[in-house]
Amino acid sequence: VVKRIGIIGTGIMGADHARLLTDAVSGACVGGVFDPDAERAGGVAARSGGARVFADPYALIGDDGIDAVLIASSDATHEEYVLACVAAGKPVLCEKPLAPTTEGCARILEAEAAHGSRLVTVGFMRRFDPGYTDLKAVLDGGEVGIPLMIHHVHRNPAAVPGIPGSALITNSAVHELDITRWLFGEEITEVAVHTPRPSGRAGGTRDPQLLILTTESGVLADVEIFVNARYGYEVRCELVAEEGTVTLDAPPPTSLRRGGLHARELPADWRPRFAEAYRLELQDWIDGTGRGATAWDGFAATYVAQACVAALESGERHVVGMPSIPRLYRG
Amino acid sequence: VVKRIGIIGTGIMGADHARLLTDAVSGACVGGVFDPDAERAGGVAARSGGARVFADPYALIGDDGIDAVLIASSDATHEEYVLACVAAGKPVLCEKPLAPTTEGCARILEAEAAHGSRLVTVGFMRRFDPGYTDLKAVLDGGEVGIPLMIHHVHRNPAAVPGIPGSALITNSAVHELDITRWLFGEEITEVAVHTPRPSGRAGGTRDPQLLILTTESGVLADVEIFVNARYGYEVRCELVAEEGTVTLDAPPPTSLRRGGLHARELPADWRPRFAEAYRLELQDWIDGTGRGATAWDGFAATYVAQACVAALESGERHVVGMPSIPRLYRG
Amino acid sequence: VVKRIGIIGTGIMGADHARLLTDAVSGACVGGVFDPDAERAGGVAARSGGARVFADPYALIGDDGIDAVLIASSDATHEEYVLACVAAGKPVLCEKPLAPTTEGCARILEAEAAHGSRLVTVGFMRRFDPGYTDLKAVLDGGEVGIPLMIHHVHRNPAAVPGIPGSALITNSAVHELDITRWLFGEEITEVAVHTPRPSGRAGGTRDPQLLILTTESGVLADVEIFVNARYGYEVRCELVAEEGTVTLDAPPPTSLRRGGLHARELPADWRPRFAEAYRLELQDWIDGTGRGATAWDGFAATYVAQACVAALESGERHVVGMPSIPRLYRG
Amino acid sequence: VVKRIGIIGTGIMGADHARLLTDAVSGACVGGVFDPDAERAGGVAARSGGARVFADPYALIGDDGIDAVLIASSDATHEEYVLACVAAGKPVLCEKPLAPTTEGCARILEAEAAHGSRLVTVGFMRRFDPGYTDLKAVLDGGEVGIPLMIHHVHRNPAAVPGIPGSALITNSAVHELDITRWLFGEEITEVAVHTPRPSGRAGGTRDPQLLILTTESGVLADVEIFVNARYGYEVRCELVAEEGTVTLDAPPPTSLRRGGLHARELPADWRPRFAEAYRLELQDWIDGTGRGATAWDGFAATYVAQACVAALESGERHVVGMPSIPRLYRG
């Protein structure tokens, strides 16, 4: 009983997912692929045990030989493909963001509500990272007591010069927004954004930024997002609780002594850092155990991100004002 | 040519300074001590090579056998003793704060201006900590480029329950206020304070807090101050610059593997962490090389701390509005 | 094309392998299981998607519904099962040791030579550990120059009191013997064993021990093996080369600050430490890419272990005198 | 009561000691200096508060204005100067080695015995290093139980090419010989030396080496000594005991993230690593508290070093056969 997955979008992420489904996940194969670039789709299909290449994404979604769909296409297309999957009654794993706007996300919530059961998973892969699951296990096990603060650091070596400051929030810090909700099991209620002078390397982008988030129970989370950090890719956090703290820094297994330094190597981008998270996310999705982010989580992440963008622009604290969670996602 | 130091206040800090001056600093001895508790003063004098015990602090300040004065008495008394030293024309090292109010600090600035040369050093010992001086050397050496942010963490295991939240700023975070000014060589211009729900261990104190500071050139500094952190004493920071970051965490020289853990021990309070800083601070003061914090630095630290207290109380961003630096402290 | 694996031995290791093959490896399922304890076999079969339970291991090996065999039975039975697999022309993954004696291993080499191609893989899983493969990649990439020494540490929290000292070598240090051969791609030519006074926790066993190994090209490897180390399970090494060193210590992703310590947790046994290695070993075996240890590697590990046991007993350096590698395993 | 120290030998070490005695030690000054290079002596004297320059080392030793003598001259001259100090009844701190030969050391023991009390301290400064004293405190406090093994690593970036292999033992590893004796409070009874192929950077020297030492109670110590390690200077050890281990690695207070690495800087030579040890050693010597290495310790270090040199040359284990400790050094 091998699930046949259809992949929409065979860029870096889609190709990576195809490889994992083919080589490293139990109970799955790539049944079909679609990409606007048919040659690229063909290459991925060939490396995926001879999957079918579809000329039309909706044909793929509707095909009887496709059991479930993975969406790794451009952000703007996520909504329509997810809605088509829901309409077809097929499970779908959609890369973040679920949709770039809260309105788009809301339409998906409505469609899923109309369908009557959950079909949508959002690719917030960090929820499967062994570091983050360790962190949550320590917190939930009561080893450090009641949480009070968390400090996040999220750095990329370089970004396209001059992108809008909002992109740091919606593309990058959105992972911390999701993780903060997931870790504490509650909503973010208030946000603020502080910015230093921008890095001269950022081409005018307001980079870095410091987001300040408050949760329902009063946990304070700060997020340094810095997409032109130059030295490498790094994601870290320290959870501060009443009896102690937990730090996630995920050091690599080896260190070098060379040239006057004792050093550990940092990855150049997020893929080596979260390779295991992606594998576990896919295995969990194939197993149908449902630990991934729901459509509601996708909506909430976009909703809070929009509040942060507003706070960035106004320089003021913003109350998030999250709508209440629909019945389908409770409990 | 051994300098004879008079010590006012022989509590924990004063006794520690007496020991260092006697046992570990070149060119100094304890010439006299005063404490309201004469027995305590006598004990320190006995352990300091037979220093004289004074019954009156002003007599000590004025005595011909005393070359310079170290003030380690209660905060409220600092101003009057410092003013007496300036009046007597004697160098004085005053534990922080220079005075609890900006008005008190300003009176010392005026006295020193009237005297016409610098006599006052404020005991911001972190400026002599090998970790902080390393950090500054890396920054000043251009190894990581232009600074953008700094994240500070400052934790004590326990504080008196129910102290006012302002005390976290004026007693503890004031060290980070000073270090931030010293590190970047510029003033703090704007402050804000965010707070999570308070720790249940704090007896009602708003603890922890997150201070957000902006400097003249636009560096953004955040300071977690947490005085009931339970697990131990810890001071850390990470400086984020355009080409890289520098972290100060000062690990102890040894680690233990025992009971399922690979661990480094954390100190129970600030004294072991900053023992070397205190020694170097005293040696520098005795040598007269003048690298310690000036009366202006003491004034500025208190001034910014007051702005932070106002920001804590209002929940708003506050512009600091620092007066301009007097001629005596320029260059 | 899913490979149907027959598992002989469903103790801790066999059950773990069954779980991985079922849940976490692509292209494999458990086709059948055998264990002298039929109830235990039945439980594993039930958790493995309804695999068949065999009453006879040779029937399992010979069954047309079994494509390949995994042997996780008691050490003494390895040889006969491996020989049966070779006779049946089926690929076999045998947990270490290939056989407890060099004679037993030699009979397998002969059988495989008679068969004419390689069928046997030995479960030296560390070759697939991301830490060890990192280490080898750094070495092979020339980043630290020509290797000169390696220091290994291998500790278990507790062993059965009073086991013979030779068991530390044949059961535990044999992993380092294999890794040393694999890392440098050459044989161990000379061995010596030094021992301190034994731990009072070892019930008379000569524990710990320090093995000293020399390779063909003159690399010196030392191995601390300590099976009653109490504090936890730990495997580390530092490779010393002409231009630098590489350390493998594989820290967990999170650390705790609590109770006066900043600590990382150590595992209680080898399974969490090498969980990823086991998964990758099985995936590689299923993929048939042949990076696992061969029967020759299994023979060589046992051969060098026997030389170490002789060195332990005599207190003298021993020349290993490894036979030359058979044609089947060259190149 | 400032002790006036006469310094014989004003090379790097002597000049460093002069600076510490002048600037960083309480209760001492440099009273006189001698060096065969009178100009060099004059420079050090000038930087030492106007100390006298002596033209004759024996005149310095005998001078009434010199209370104690520090010997930092070439190794071959140590014996005669120490004997002159003993004859003059003056305390003397002699850089290691006490004398290059056991016979030379023995003559000093005889002289001191004839004098009837201890005057000689040997400059094994590591006994004062905060890392080593931490390590010993943990061991003596029973936190890890009875010691079984210790692994030492001692690396220098470069040495003069082609020096004899014995020099690695007598110049460098002698520090580990002393520390091992000091840490466990017992003698080394048996030694062996293993060597890999030498580094191509060593110009023919047998470098690195692995010394294996056994103490009276059966602790096994191994010492990697590598004087052309290229990457930096480093001294580390891990003490292995029945209930846990203690590692001394003395990380610097700051780390850098830059260029794809998270790194701590390693010193280029031993002086920054042991700067604090030298200061504390001198302060202890000035205080006369007698925690430094005695003439017997100096003799024993040379004695064991000679046994290691014999073991290096023979390739065999050597019994040390240490003479029994003279009455003067007991208890």
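For clarity, chains are labelled A, B, C and D in written order, and residue numbers in each chain start from 1.
Here, contacts are C-beta pairs under 8 Å (C-beta built on N, C-alpha and C of every residue); 3 or more make two chains touch, one makes a residue touch a chain.
This one's a predicted model, so the numbers in the text were calculated from it and none came from an experiment.
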Can you list every chain in contact with both chain B and chain D?
A, C
Based on mean C-alpha positions, I'd like to know which chain lies farthest from chain A.
D
CA centre of chain A versus CA centre of chain B: separation in Å?
43
Report the inter-centroid distance (CA atoms only) between chain A and chain D in whole Å.
56
For chain B, what residues touch not just one other chain but two or more?
231, 243-245, 251, 257-259
Seen from chain A, its contact residues with chain B in the complex are 146, 148-149, 151, 153, 192, 194-197, 199-201, 208, 210, 212, 214, 217-220, 222, 224, 226, 229-231, 238, 240, 242-245
Which residues of chain A touch chain D once you look at their complex with the stated criterion?
231-232, 234, 251, 257-266, 268
Using the touch definition from the top, list the residues of chain A that touch chain C in their complex.
2, 22-26, 28, 129-131, 134-135, 138, 143-144, 243-259, 276, 283, 287
